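Below you'll find the structures, each written out as structure tokens.
Both of the next two complexes hold chain A, though its partner changes from chain B to chain C.
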Partner chain A sequence: MSRSRLTQSNRTGWTMALPGFGLIAVFIILPFLFAFGLSFTNQRLISPNPTEWVGFDNYRQLMGVGVLTLEPERDDAGAVIRDEDGAIEYPRLRGFTRGNPDYAHLDGMREWTSWQWGEDRVVLLARDVVFMKAVVNTLTFVAVVAPVQAGLALVLALLINQRLRGINVFRTIYFMPVVVSIVVVSLLWRFIYDGNDGLLNNLLSAITFGAFEPVDWLGNPDTALPAIMAMSIWQAVGFHMVIWLAGLQTISPTLYEAAEIEGTSRWQTFRYVTWPGLRNTAVLILIVITMQAFALFAQIDVMTGGGPLDSTQTIVFQAVERGYGKQDISGGSTISVLLFLLVLTISLIQRYLTRERN
Partner chain B sequence: MAQIDPSNRGLRLAVRYAVLVLIAVIFIFPLVFMVVSSLKPDQQLLSDTGSLRAFLPVGDISLDNYAAAFQRAPVGLFIFNSVLVTAVTVVLSLLVCSLAAFAFVFLEWRGSGLLLSIILATLIVPFETIAIPLLLIVNQLPWIGLDGFTTGWLNSYRVQILPFVSDGLTIFLFVQYFRDLPRELIEASRVEGASWWMIYRRIVMPLSGPVLATAAILKFLVMYNQYLWPLMVVQEEGYRPVMVGLQYFFQLNRAWGEIMAYLSLITLPVLAFYFVLQRAFISSIASTGVKG
Partner chain C sequence: MTRTNLMAGTILASALATGAAAQTELSMWYHGAGNEVESEIINRIVGDFNESQDEWEVSLQSFPQGSYNDSVIAAALAGNLPDILDVDGPVMPNWAWSGYLQPLPIDESLIENFLPGTKGEWNGELYSIGLWDAAVAMVTRQSYLDQFDIRVPTLEEPWTLEEFDAALVKIKESGEFAYPLDLGMAWTGEWYPYAFSPFLQSFGGDIVDRETYSTAEGALNGDAAVEFGEWWQSLFERDLVPGTSQDPADRDNGFVEGKYAISWNGNWAALNILNEYGDDTLFLPAPDFGNGPVIGAASWQFGVSATSEHPEGAAAFIEFALQDEYLAAFSNGIGLIPPTESAAEMTENYKEGGPMAAFYELSESQAKLRPVTPGYVVAAKVFEKALADIANGADVQDTLDAAVDEIDADIERNQGYGH
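Up next is the complex of A and B:
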């Protein structure tokens, strides 16, 4: 019998693959396509009004930004007017963003941030300030967590890869937080970061013999996001350590023996033997961490709820708050589509930057 | 080459171990604190945080916090729900994904290549980006059950199970593993007249222990720790899993002992499971990376 007769079977093949493919089609592909479609409508979870096609309105609403340069108010002689404290007075922003026909493109926008430029004040405006903050926070989170976590994970993997008695015990411990739910970890760390009786404050004040002033880590807009970053790295670094470790163990021992005969230094061995062997692992780890970091949600939901002052808002948190909390399915879907495009773009850039060069 | 001084070597070894132990402390202290604190009354728990006593089961030790946690919320029900949803999803997932992978690797059929590429492409879609439209879909899906024909899957076990039964990663793991199995074995059985279903059940599955363990562990971790999805689709207490059940304890700002007891209750079984099967756990994570 020919080989093709032996292995060919359209009916059995489809029957066996259909449950798996069908479930993926209904629960992943369909909602994925829906997300694109819904983002062009005004669909709500439960609504008395029929759904309407609104084109790019949702995207315009989320992504609209503008810049406005305010010139100081001057008196009749042309001198800059200052208030009692000496601060320059500017025309009110509302005059530009509320129904001013000369500035129609800024209509409905709010102040996102502003800075001084000589005597002028430059105002960055956004139609949806909270979403813009969420985007910036998420990108900051990814930009810090991805390299730091990948680097620390590699250091841990190199430590664990030593031939020492009892090394497996350490591997087991370093990996342990990965098994624990991020929700549990987040609640636990709320206690560690607590401003009054928190373990971290107590530890820091003990080390500095009481010189350290307690900080409300999660209640302060400057420290909340970094605190969440540190905790997220603590929880997930073991995961990537194990992937690095698997990569390390694929490097042939004969390469190390050759390096030893050559009398290379430790750094040289790492640079010319270990690192080239980890190339594929590095690409994979970077992409996996980036995808996980973009999905930042549970930590925010449990620890800060996006606050204080929107300093920990994230893209997924906003998608859930609108799509589920406010039942604004189309708004949540639009954010989801933007998130997907962002993840895709960054993965492609990473792939391009880390491509094989000949 | 320089001669290595034995005392120097001993010192180096000591430094290495010291570094390893120090890092281990960083990873372990929050979990020790969680379990130890769950045994203490709130007042003592708070005053202990100023010293090393925070990590030692000393003073007024009891299981009172656990009793209080069970009083506050139907903890047993939450654990039952999570275990049920996790177990059913893991079993269905192993079955459905291994069957599909079997068809992709061993059989030749029209559309096989296209279907597999589509499945693998879904790997770059984070669940978080489809959660909102999926909510709309499950809210309108029909179901035929004991109470007849109904619409909408919110507040049920199936809404927590079915979306997670089949996924690209699990199918990919099985495909990778099956590709390394000896094809001659399968072809020989075909020559002898065995049906595909028989080959799947009698030959391929018995050889698939390692990949079944890997897929089961990965799915177990995802399912037991589910949070975002059940938060959106389960409002009724009766179907709530453990992580969403935590919300009962969010509001208690100062009843930390009870919170720690609940956290310990839902975490310790997983940790125990991990310690027993740690090799399998670690190699399952590693295998997601090696060939990717």
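Up next is the complex of A and C:
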């Protein structure tokens, strides 16, 4: 279909697309434009004060970072003071970041992370540490979930793409978590992950004959995010399995027959027949999973609320928490705009990397 | 049920509107949908009021508590507030400041004898009035205290910090309980500031500086607050209390199942415990951490929306609801603390010598309002996160500093919240 026909004479087509376009425009594009505008103001959810234009303040507040090098505390002789364990003692950060006129540019910042540099300690400061952690957590989540979920879904799709008696039972079982509300699934997994007598702890303890020490999966900063990743992968893997399956079924059986006649191994069949045939499906799945993973919210809201110690904060959770919880619509809008830019950038990069090379 | 009543009310109202003795309709919103007993009581009050006079006709709409505040805010933004609405005590200044509520035009002599926590005052004016109050207590059993040889504290002589701490350690060392104390960390949300900011206040700190309400500096990160924070953190480090990942089911049933020796819990949970332990149950006052024992005050209260065209009608309804009969009905129905002594005498649990009379005394003598400022809504969230982070091992001073910065930034962004 040529471009001119689409734009000039396909009136029926446009009429049919109108309801869809209209809904997207009213409920997605328009609110986003609002968010974009609000992110430059100090708009509150409820307030009698008039809204004021604040320029890039919200962005500066969210993304401000700084670096501070702390020198060790020294005694009168100039020797480094160490505590009982031999660790070097440093002056407290709050002496620099709270009302110290010599370090005005760091005022109100907090420690994000720090590392040792000789005897000094280099501290990376952020104006909004919670947001920074949310960004890092979200990126980690995407980096793990996108490939693992896509890979697992492909394996499942290959498994159920066989003519076996009762294969529909397996298809149904794998697909079941997708049709259950994510809120319900999250609540159930909260019980599974329970630190005292949760199903997972009991199971691990049973198969190791009691050698396994119960872990408080959601209460431990080291395991909370991986626990949510595992549960999220399990929950949505069935959806992507179905898309892979659709892709698999578009591959012509004649190709497989030809490969068989040539005497290919199963791996060679997958590598040279199946995988090239799934190219477009793979691009679609990767982009869809990436976008869904960036929108991580419900699991966090139900299971951890961002804790413990911000180990499960995510960008969308922070946007909602600020916009509604803390009545800071402008802050929430700013986070949404940043998320949009982030997802757009990554999607464009993915499009570029997976483009058709002629 | 509520919807049927509402529809019936609407039909009735429209039928009456066309009649000769036209009653003016007043809309009313309430947060208690889903609780059958509560709905029944509030419906009875509305029904009685509508029959008692022929000028006003109240029609009630109930919302689930979880989405009530959001509904009110959405309605306010859309300009659709009802005439009468109920509001959680600490949130009231926020709504009053935002222009959702108007000062309550009721006869103040009616509420002279009410518990102080039920009166929602802001900027020197009464905006809301509660038909009940709520209180928290250290709930335990006489037999536990006897077993571990712990003194039973009284209102005059509550536990001191050292005494309380030593008691927890002693119970812990016996190994008979999963944890000696249950603070209710599973109840995220308003429970944290409601139940735990009184500890901070008893240490000498506060969520914000109540002199000026313009900063939290010094109140939330001063020496007293840091001392509180260190103690708070040590409770979790020493495994004296379950942490933030506590199973909500354990919070609800852990004490009656014998997992915890002491439970920091509200009067609304008391009926369940009394059924289990009967006379052995003790409702003890909050410990005195240095600046007197404190518990949180204020529960849900009634007010009149700023956009109401008939504030006198709305006030007439609220005055009608303030009768002892209804105050006692709420108390008997869902275990709430009646706001007057005369109503308390009419209840089963709060009359002199009643099993829950201790809560009335606690409410009367220890209750302190959460900071009365429109900024409380945000400060409470910040406080909740700070306490959760400290419980999970974050540095006390840094966490409190960060909380102060966030609260101060919010106050500044709101031009001081009108103080």
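Note that the second predicted complex is superposed on the first by the 323 of 358 C-alpha atoms of A that agree within 3 Å, B and C clash if a C-alpha of one lies under 4 Å from a C-alpha of the other, contacts with A are read in each partner's own complex, and residues count from 1 in each chain.
In this text, a contact is a pair of C-beta atoms (placed from the backbone, for glycine too) under 8 Å apart; a residue touches a chain by one contact, two chains touch by 3 or more.
This structure is a prediction, so every number in the text was calculated from the model and none was measured.
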Which superposed partner A:329 touches (first chain B, second chain C, both, neither): first
Per-residue contact with chain A, leading partner among chain C and chain B: B
Partner chain(s) touched by A:116 [first = chain B, second = chain C, both, neither]: neither
Partner chain(s) touched by A:195 [first = chain B, second = chain C, both, neither]: second
Chain B versus chain C as contact partner of A:69, first or second or both or neither: neither
Touching partner for A:45 - first (chain B), second (chain C), both, neither: both
Partner chain in contact with A:221 - chain B first, chain C second, else both or neither: second
Chain B versus chain C as contact partner of A:265, first or second or both or neither: neither
Set intersection of chain A contacts, chain C complex versus chain B complex: 45, 191, 324
Of all residues in chain A, those that touch chain B in their complex: 1, 3-4, 6-14, 16-17, 19-24, 26-32, 34-35, 38, 43, 45, 156, 159, 162, 164, 167, 170-185, 187-189, 191-192, 197-199, 202, 206, 234, 238-239, 242-243, 245-247, 250, 263, 280-281, 284-285, 288, 291, 294-295, 297-298, 301-302, 316, 319-320, 323-324, 329, 332-333, 335-337, 339-340, 343-344, 347
In the complex, chain A residues that touch chain C: 42, 44-49, 92-94, 98, 108, 110-111, 129, 191, 194-196, 216, 218-219, 221, 305-310, 321, 324-328
Contact footprint of chain A on chain B as seen in their complex: 1, 13, 16-17, 19-20, 23-24, 26-28, 30-31, 33-34, 46, 49-50, 54, 96-97, 99-104, 106-112, 115, 118-119, 122, 124-137, 139, 162-168, 171, 187, 190-191, 196-197, 200, 221, 224-225, 227-228, 231-232, 243, 246, 249-250, 256, 259, 263, 266-267, 270-271, 274-275, 278, 281-282, 285-290, 292
Residues of chain C that touch chain A when the two form their complex: 70, 73, 76-77, 94-95, 97-100, 178, 188, 243-245, 247, 250, 377-378, 381-382, 385, 388-389, 392-394, 397-398, 401-402, 405, 409-410, 413-415, 418
